[in-house]
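Heads up, the next two complexes both have chain A, just with different partners, chain B and then chain C.
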Partner chain A sequence: MLGKITYHKPINMVVFVNIIAYAFLIFKDKPYQWHALLMYCVVVTMICTVYCVIIKKKLGEGYLFLIVSMLLSIGIMMIYRLNPDRGYKQVVWSLIGIFVFFTSYYLYQKSNKWHKYTYFYIAISVILYLITFVFGTTINGARNWIVIGSYSFQPSELNKIIFIFFLACYFKNPDKLFIQKFHYDENVKIIVNRVLLMFVTYINIGFLVFQREWGITALFLLIYLVVLYVYGKGKYFFVINLALILPVAIIGYKFFYHIRVRVETWIDPWSDILGKGYQITQSLFAIGSGGFFGTGLGMGKPYLIPEVSTDFIFSAICEEMGILTGAAIVLLYMLLFYRGIKIVLSIRSKFERIVALGITVMIGIQTFIIIGGVIKLIPLTGITLPFVSYGGSSLVTNFITLGILQAISNCDFSSEGEFNG
Partner chain B sequence: MDENKKIIRVLIIMCTMFFVIVGYLTYIQIFRSKKLMSNVYNRRNYEIEERTIRGEIFDRKGVLLAHSEKKGSLYERVYPYGALYSHVIGYNSRIYGKSLLESTYNNHLLRTDRYSQVFGMVDRWSDREKYGNSIYITLDHQLQNLGGDLLKDKKGAIVAIDPKTGEVLALVSKPDFDSNVSWLEDNWRSMIESQESPFLPRATQGLYVPGSVFKVVITAGAIENGLDEQTFEDNGIIVVDGKEIRNSGGKVYGHIDIKRALAVSSNVVYSTLGIQLGSERLKELAGRFGLGKDIPFDIPTNRSVFSYDIMDQNDMAAVAIGQGKIMVTPLQMGMIVAGIANGGNVMAPSLVKSIISPDDKNIETMKPQILYNIMEKDVAESIKDMMKEAVQNGTGRNAAIEGVSVAGKTGTAENELSVKQKNKEHAWFIGFAPVEDPKIAVAVVVEYGGFGGEIAAPIARRIMKEYLEKSKE
Partner chain C sequence: MAHALNQKGNGIFGGGVKVFEIILLLVKVLFALVIYLFIFGIVRLIYLDIKSMNISKVNINKGFPYLKLVNKREYLHFKVEETYILSKNITIGRYDKNDIVIKDSFISGIHAQITKGDSKIYLKDLGSKNGTFINGKKLEEGEQKLLKDGDKMKIGQLEFLFVEGSELV
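Entry: the complex of A and B
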């Protein structure tokens, strides 16, 4: 029995990290914070149970959830440290997320007609955008929240998945999705298809720009380009799309004050340190103050950063747990990305390949956009750090994508033997 | 398969992007974190400071120049000598931030240096008050005090340097201000708006036309190029390109050599030398002597300027007598004269001698370093000899000290006011003593003071005398 509790098993490392963190949080101040013990129990039980289910029931790839559970643990402990109430909520959202994870896993496996709902995907995403447009509430300058009672959620999060499914439908048989019944020339059909593809993509982007969701806009654009690069037929079409980014960026820069401000504060946040540059400079102060090993959980001052538990959680982690933990988190995402790509390469069905690639790339790019933003490597755009940031809709969406990826890794789509590439 | 290759490429690009993030994080930590930590807007500092008793600052002999005292629940910086060190140590205010040494050595004074930054946790464990490091500076309080008294209400600067080590012995700038917080915070506005610019540390950042003290630089150029062998015919006036240049006071010196010309500060001879040297050599000389170069120092300095691209004959003549578009800081002139005294090697100027931890451990001791060489040893010897003559039998007589051989050069620099009014020139004196074994080099400038020999030389004399007498004891 004892032999099982060793560091050899990665799950024990996740548990170990949680033990250290919560022990620290409990005994840091008198009176001791016994709430943290409860948090610890719930988090560890949740993670271990899910991991056991995945392994025992042979639900495919085991490492995906391991990596995610480490990220989730770090996120929850940091959010709990910043604001215990939010910490509890995040745990509740994680439980919901786990439920959604299994649900989406089974739903995805149940049906094999996912590639047939093209028009449904287009319609539902437009409807979601319109709902946001009509009923949306503006939070932090972005009109992308639907508030129902005391809960709020972001439809654009869901649209990411729908968009990936749409791309998978299109590229399953590239340029042969629309108007196949009509008797036009093949070349005309291809052109019409490509134009429609770009149209749908830019409709998405247009809605997002309208909502002032710059981070997600960039995310959509990059997912589109990557999928187009890998699966698109004809080099010129990809080059044209790539080249189109430049005028779009220039127009955006010229006509949208918000984009200009972001670029300017990225280049020089110091000149308006108390105004527009406040967020990013506070974030840099936090990172700079942490050192390689951090101040220790609960001993720094990450609460000086605005929006610290959502967009800037990475800076808070760097301050209290050090740059080394920051680097470790980046490497965890890299591992996750690598496992995702491995799944992509191991399956045959084209539709699933594209979905898996889209999801993997989405997680990777989203991570790069937000971490790069808070450390001032690229202009800052508000977007959540997958599985770490506080927030229900992003956590639930991420668990949906994880469920789908898990399902794909364990399907009939996977090849029986070695894949001959 | 093409598709898999492309997927692998995507993987590689994405991994590279992740590595860029890790690299950039490391870069921030190693190269930027010190600046980020000490940024005035980083509110983390206030709390560190409130728990730290800022280190004390002493002069080279242990006279206390700055310490922290508890006023209410907070510590406040106290400067026992009020304004005397305002342009060296600076101030430390909760509202207006920190300046000069208080700013440069902030991390040491708060003891948040490398060690505690890398292992951030170590000293944040306890809530006890912690002590900062103490700093011993190179200034000699008695000398600094004398300098302050000598300039008193005049505007100007005094720089005294140990030529062999580069240690700055006195660094006086006037006007100054009381750097104690209570006074500073009450008078900030009027100080900022004052026409006297009391916030300008003149010794290190004031830019002045050098006038005749620049002739020592030209002399070095003349000796190096063999122009010192000739004799000159000084008629009291020389016409360069239709423009007249006269000797000070319209004096005529007749048949003289370069040694005598430096001693009497003949503008006619030096204008001729300037033209003989030509623009390329003048530019090279200026650069070699540090004009246009940054001075690495413990507090911010200004660069001395030599702003010529193309020089006509008039410019060459003007530069040779220290007029025209050249500006120097008193510190720069002090370094030049210290360099001559030290046989051509200019030592890097230093203001901090050592840093001592609260438990009396020596953390850092500054060691003398050669900054650059401005001339060969034999050239320096000749110039020393000429400068000695200038004090014995020339314009610098007022700097002479009984029983000590003094070398020096006066300067009376024309400026925008002196054109209209008499006795409004900047009065300069540079010099060192004793000539055979230089222990102190000085540069003195008195703004709009008048003749260098009358105004600046006596001040330099008192400073040198005081220092030499004390070092004999």
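Entry: the complex of A and C
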């Protein structure tokens, strides 16, 4: 009986993890924190309801949301422990995110013309960049926030999705997107197409560099290269693109103080431990002090790390829940990535296949960049850990991508209506 | 931070901080364990998923009899394989517990059964609503019929061609 519950319904495990975590949070201090119980109820109700809706309504893949619900609940409990106010906000953002998840699911299934809006995608992304450029506010060294009243959001998060859609439009028929009406030689057409593709990509990257968004810049570049590698035609074009990274990186290193600091602290954070190396060394101390099973939720000192609820949430999780939980999170992302690739393999339409691949690769690379950054495997760049980090725009964007992936996974074998038993 | 808990530990267990620490450790271990159980649960589900996906492709060359889809797969809006290998007794239907799961709304939950007996293949209708047809003839409920090479089997919207592999010859 017990075996049946635990094995066949992993959703019970998510509930159980939440019970243990909020028990920690309730009883860690006297007087007991009973409003943590409320948090628990809201989170668990939210996750179970959505899971039931997905299963009962047969909205395709059940695993995607299952994995995400585990990541989401670990993120919420950690943020709530670090800062209760942010915890409440994160729950509200999750509710909005879930609403957006279903909306994007239905919107994506409603229309089958997503591959026709190429110029629209380019225009929208440029407009978003220009809006950020004009009305943007600088928060934490990156000029990428738009503040309206007490709310702020990052348009560059949305641009990730738009860029993936653009890439899918282009690679649906590789090198045959632009100037098909003109009567040029085929080779000339292909070259013009490729130049235009690189032009659009580097415009994106240029705007992002201008906003000092190093993490997302790297993300765009890597998504572009992966999609090009998988679906592009012509070996030399890929090699040229790959080779172009080198001068871009060197220019970045020479001319941008920020990048130089990041690389220097990556190589040796200990020489300036109270200044430039403070973030990364605190993160390493936190991960180290956790041990295998962590200090217990609410009993460590993760608040010593700067930016702990956004960029460094992985270190906080490692400190309070142990390196085993940290490894489990990496495993969860691997499973998510694997499910995404499986969806990619099962679809016939090329456009949707590329969109699904782009989304899957985006989640994978984003995880690698930030987890690699906080454990000092690669230079640290500020980017959010999908579904775990605090942040409204990032969470909502991730839920949009998840909704699209869910819709794609359900495209081919939707069984409509039941005529008999 | 942990003061309140420490005091509580002292209050309940005369043993003091040590007992409390052991309980804390156990709870932490349990926490990590549950997360890993969750992962194993998902891995298991994925394993079952892939197994059902690839089972037909592995034995294709071993000479087993098989069912070949006659319909064009592109026009169907549900998942169906090109061939289904009949290496053991199987059931066909819409429910997930069947060996061949086809989410066609004209196929019943448990639609038909294919049994293998003394190197012959039999088809049996398990009380389906829209019937099972062999070469255009409807099978009665519970009726068992021997399948011969080249027989056309129709269930739901789908039509299959039965091919005897070299194993039976």
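Worth a mention:
Just so we're on the same page, the second predicted complex is superposed on the first by the 403 of 421 C-alpha atoms of A that agree within 3 Å, B and C clash if a C-alpha of one lies under 4 Å from a C-alpha of the other, contacts with A are read in each partner's own complex, and residues count from 1 in each chain.
Just so it is clear, contacts are C-beta pairs under 8 Å (C-beta built on N, C-alpha and C of every residue); 3 or more make two chains touch, one makes a residue touch a chain.
Everything numeric in this text was worked out from a predicted model, so none of it was measured.
Touch criterion met: A:Ala21 reaches chain C, while chain B stays clear of it. In the superposition on chain A, A:Asp29 makes contact with chain C only, not with chain B. In the superposed pair of complexes, A:Ile400 makes contact with neither chain B nor chain C.
By the touch criterion defined above, A:Gly364 lies against chain B but remains apart from chain C after alignment on the C-alpha atoms of chain A.
Shared-chain residue A:Gly294: touches chain B and chain C both.
Judged by the touch definition given at the top, the superposed model places A:Val200 against neither chain B nor chain C.
Looking at the shared chain after the overlay, A:Leu304 reaches chain B, while chain C stays out of its contact range.
Of the two partner chains, chain B and chain C are each touched by A:Leu331. Once the two complexes are laid over each other on the shared chain, residue contacts for A:Tyr231 go to chain B alone; chain C is not touched. Comparing which residues of chain A touch chain B with which touch chain C, the overlap comprises 292-294, 296, 299, 322, 331, 338, 421.
Residues 226, 229-231, 273-274, 281, 284-285, 287-296, 299-301, 304, 318, 322-323, 326-327, 330-331, 333-334, 337-338, 341, 344-345, 357, 361, 364-365, 367-368, 371-372, 375, 377, 421 of chain A are the ones touching chain B in the complex. Taken in their complex, chain B has these residues touching chain A: 1, 3-4, 6-8, 10-11, 14-15, 17-18, 20-22, 24-26, 28-29, 32-33, 35-37, 39, 41-44, 47, 117-121, 124. Across the complex, chain C meets chain A through its residues 1-5, 7-8, 24-25, 27-32, 34-39, 41-46, 74, 77-79, 103-106, 108-109, 129-130. Note for the complex: chain A touches chain C at residues 6-10, 13-14, 16-17, 20-21, 23-24, 27-30, 63, 66-67, 70, 292-294, 296, 298-299, 321-322, 324-325, 328, 331-332, 335, 338-339, 346, 348, 412-421.
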